[in-house]
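Chain IDs A, B, C and D follow the sequence of writing; residue 1 opens each chain.
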Amino acid sequence: MTEYTLREIMTVVAAREIKDGDIVFCGTGISMIAAMAAKHINAPNSVIFFETGAIDSKLEELPLTVADPRVMYFTSMNGGLTDSFATMQNKFIGKHVIGILGAAQIDKFGNLNSTSIGDYLKPKARFPGSGGACDAASFVNRSIIFIQHEKRKFVNKVDYLTSPGWLDGLDGRKKAGLPGGGPSVVITNMAVMRFDEKTKEMYLSGYYPGITPQKILDNMGFEVDISRAKEIKPPSHEELIVLREKCDPQRLILD
Amino acid sequence: MTEYTLREIMTVVAAREIKDGDIVFCGTGISMIAAMAAKHINAPNSVIFFETGAIDSKLEELPLTVADPRVMYFTSMNGGLTDSFATMQNKFIGKHVIGILGAAQIDKFGNLNSTSIGDYLKPKARFPGSGGACDAASFVNRSIIFIQHEKRKFVNKVDYLTSPGWLDGLDGRKKAGLPGGGPSVVITNMAVMRFDEKTKEMYLSGYYPGITPQKILDNMGFEVDISRAKEIKPPSHEELIVLREKCDPQRLILD
Amino acid sequence: MNTEKDKVMDIKDAIKKFVKNGSHISIGGFTLNRNPMAAVYEIIRQNIKGLHLYAHANGQAVDELIGAGSISKLEIAYGGNARFAPTCIRFKKAIQDGKLLFEDYTNYQMALRFLAGAIGVPFLPTKSSLGTDILNKWGFSKDLREKDPKIPNKKVIVMDNPFDSWGDASKVVLLPAINPDVTIIHVQKADKQGTVRMKGLTFADVEQAKSSKYLIVTCEELVESDELRNDPDQNQIPFFYVDAVVHIPYGAYPTACYRYYDYDPIYLNEYRRYAQDDELFKKYLDKFVYGVKDHQDLLNIIGKERIEMIKADSRTGYAVNLDRK
Amino acid sequence: MNTEKDKVMDIKDAIKKFVKNGSHISIGGFTLNRNPMAAVYEIIRQNIKGLHLYAHANGQAVDELIGAGSISKLEIAYGGNARFAPTCIRFKKAIQDGKLLFEDYTNYQMALRFLAGAIGVPFLPTKSSLGTDILNKWGFSKDLREKDPKIPNKKVIVMDNPFDSWGDASKVVLLPAINPDVTIIHVQKADKQGTVRMKGLTFADVEQAKSSKYLIVTCEELVESDELRNDPDQNQIPFFYVDAVVHIPYGAYPTACYRYYDYDPIYLNEYRRYAQDDELFKKYLDKFVYGVKDHQDLLNIIGKERIEMIKADSRTGYAVNLDRK
């Protein structure tokens, strides 16, 4: 078996979530590599697009932000913010969009905080804020969340609800008036969590080789069902080659 | 004195209303020639733009409609409908836009009908409808109206109020929530009418050489004040040359 | 919505596949420019009926569709076609004869309604038409609105500005979104996958395209993707909005297509004469629409000389000195 | 708004003329791309204070303006700059220290707010942020909202869909329009009169530009009008929106300008180190902003080699194989 880093398995697991034909709303960092990898591996007809307005970029080099000039090359179209977000809010296109999001905090319904910890007006820690994350989380039908597995990040209640997950579960999104579906998967440095189809509560779906479900629970601020958990298939040699040689040869993100 | 046709004097009188620096919302037909003439004569820095999205077209030939390919040549920008109307609704730009409109009926407050005569659902006569006229009449600060001087056109009440004039006079526009100012001038085949600053009621401002104020009244369905009326200065030789040689040498519109 | 790589189709197949009796449709272009005429003629030839048409000032195509009896309901801002038809003739007749359900908006309002549909919101606001009969006179009955889920419950809504006087507004008009079943546009260039490049004005084509469930693009030139992707700033519609790409040179004829050809004044003048009279109009359809098997066949009837006459000049993009009387 | 033929100005004069203490401003670009840095540095040098800044994810410029103490109020969607600053450092510090009045929106919402201002409506609707704290947590107090006529009475309004379930919506969020006193954008090409052509993504520059009372355009190349008007389909802003045209090559440096140059990773990494500490940041300003007399002077300090290093490749539009660690 080939050696791999945690960032590498996280990326590969995310890439596997992308289906052929998906339109992928891509953030910065690891989510971009996951989307690039998916195109090379399992979803050749998926389309990467960026909130900045770039549609189906030819990513010869890894962009460092969604506004990197590298996203503007050889696209189907270069537009702007109002175009890209409208694409997700569009009733026909939005259904085919999958979002990839990150956050500083997450609760058991997949609600995300990327704004601040503590008092909103004078926080203990300030993060960048929503950017397009709340928009994507509002509009798209499925989303992938990346987050580090730490007790302070998996919390009972997020300090600021930046991006809607399943809100208070069940039909919470529908009651709030949100169009899309909520998060489908949470990918951490230890595990993969999914949401119960009915209650929309998070459960442990898979753990990386060498990690126990108990260790995962120990690193969370709330309990989740671990009865459905299975070990995750590690990245294949081919998957790693794609990641390392095609997606991030400079290791700008993977390191 | 040079001979001229009625259409020619109407066009010249309209051109004189355009001030240097005005942005002219231009319709089809005679209004286009008036705007073109103004640029050649009295308002070299006025800007012609079309609801279809063409800004500051170089009109080497006369366009027959606002969608004529002739409006697309050598513009500052080719956009679309949402751009052009937003330009008029824009709080900073809109104040500098002057509209040129036509209609089938007009009332004493300059409200226009370009939709239909008779019952709306099964009319005696159907016209094209608003197009962008109602939008322009809603947004811009000043407008020029072209209409034939006939009793059936100057009516007490328009059958369908397509484009807002001063509505019911006084502060009617403000009460309705309309942003711009109402019509400033009505140019007919006999006369020039303006609106009282306070009551917003139409009055006779000028009549063409050879036309009496009484004849004008005889051709209207309502009374207007004629005490302020003066004879209109006929088109100069220079104005006519511009019209005939630069604006419509094929006499597509002037005939 | 379609992410496939090759969506090239014949016009006959594209119309058959996407346009059904009773479909809600919209068409691109403005008065006598870039109307998707080849597609419109094909709709008429396929005898598709009961269409609900959303139009701003789409001109020639609207009049021909109405004249052919394809349309049962119409939402429109303007039915005119320059001096060739100050009011579109078959449109005028159909309304005066009470043969068409219709409802009037303004051009901006129709554009905003397509935009609302394109960006996925139920309505968009404007200050246009406050105080006018656009607000007061509704064409569709309350009954129809209640029965037909594809017609909004209200034509428009006037609302007090909830942000007080913010934006210098006391009131706004809310316009319901449009999401047609099918939109058809004719463009200058497209690739097989559906990336679109228009030249000249885009009118409301982009909004109409994006608001629609299915999108048929007919194009003057079917080009390699590389040509469009080497300068994607010039493209207006990303491929995934597109369901069918149809290559039809002169697909907008007899209307204009900027940088390719002008409108044909002879055709449009002739059309006017035919359109004035019901019997004559039947003859028009028999000769120019039913009587030809496809758009190329129509062009053959028109003849090379006329086609040459309207060819665009490379500097200006239109036919310089074309006799347009 | 200005229809004059020649609006060319020096950056010093343009900033002095249009940006005042307490002005409400917005700047173009996104994170590390096409920020109008030359103009931003000039604002800092002219010691203009108390600015109210409207930002979506404008990145580097926002952080420098905050760090220099130019900003007293901020409406923002995102304060990050890629791996150079996952959260913008001076932005983070200012908020954690309680030194800035601020209010959070999303990127789409800020773009829509500029669009609302540009098209002259008091608000625009979206479905974004329903159920979130974007709606619940307001940064500006009720008192400030009542006192300051340049701040809307409400941050957002949630409204039931007045068209019932039309557009598949039960509720919408209404966002108040933004009309800044001044917007500054940096573009690839402009002519003397102000017609603008950007290359690559436009971000929200067009909406920001059109929403603004005054508009300053800085450009890489000042070109003849003919060049822009020969293909006006590629232009994005008509001249009459523009009040000042300023020719500043490398005017977006150290951020990127597509097809001209890339962002400078060395500068941005150095900036991060300076920004971490208050004293160091003063040194940064002294050396790179106050210590240079204009943007060219800054470029001189950076040196030809670095400028050459970030030069865009003509095929891709960015600096291929640039070391971006």
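Quick note on the criterion: a residue touches a chain if its C-beta (ideal position, glycine included) is under 8 Å from a C-beta of that chain, and two chains touch if they have at least 3 such contacts.
All of these numbers come straight from a predicted model, not from anything done at the bench.
Judged by contacting C-beta pairs, the busier of the interfaces B-D and A-D is A-D.
As a whole-number value, the distance joining the C-alpha centres of chain B and chain D reads 40 Å.
Separating the centre of chain A from that of chain B, both taken as means of CA atoms, is a distance of 56 Å. For this pair, chain A with chain D, the centres built from the Cα atoms lie 27 Å apart. Once the centre of each chain is set as its mean CA position, chain C and chain D turn out to be 37 Å apart. Residue positions of chain C touching 2 or more other chains: 117, 120-121, 126-127, 167-169, 172, 179, 200, 233. Counting partners per residue, chain B has 72, 74, 78, 82, 89, 91, 139, 179 as the residues that reach two or more other chains.
Contacts between chains form some other arrangement here, matching none of path, ring, star or all-to-all. Contact between chains, using the touch rule, shows up for A-C, A-D, B-C, B-D, C-D. Of all residues in chain D, only 29-33, 56-57, 59, 76-84, 86-88, 91-92, 95-96, 98, 104-109, 111-112, 115, 126-134, 136-137, 139, 167-172, 200-207, 256, 258, 262-263, 312, 316-318, 320-321, 324-325 touch chain A in the complex they form. On the chain B side of its complex with chain D, the touching residues are 21, 23, 45-47, 49, 55-56, 58, 72, 74-78, 82, 86-96, 139, 179.
Interface residues of chain C facing chain A in the complex, by the touch rule stated above, are 1, 3-5, 117-121, 179, 193, 195, 210, 212-213, 228-230, 232-233, 235-241. For chain D in complex with chain C, the touching residues are 116-117, 120-127, 152-154, 157, 159, 161-164, 166-169, 172, 174, 176-177, 179, 198-200, 233-234. Chain A meets chain D in the complex at residues 28-29, 51-54, 60-61, 64-73, 78-82, 85, 89, 91, 115-116, 120-135, 138-139, 160-164, 167, 172-173, 176-179, 250, 252-253.
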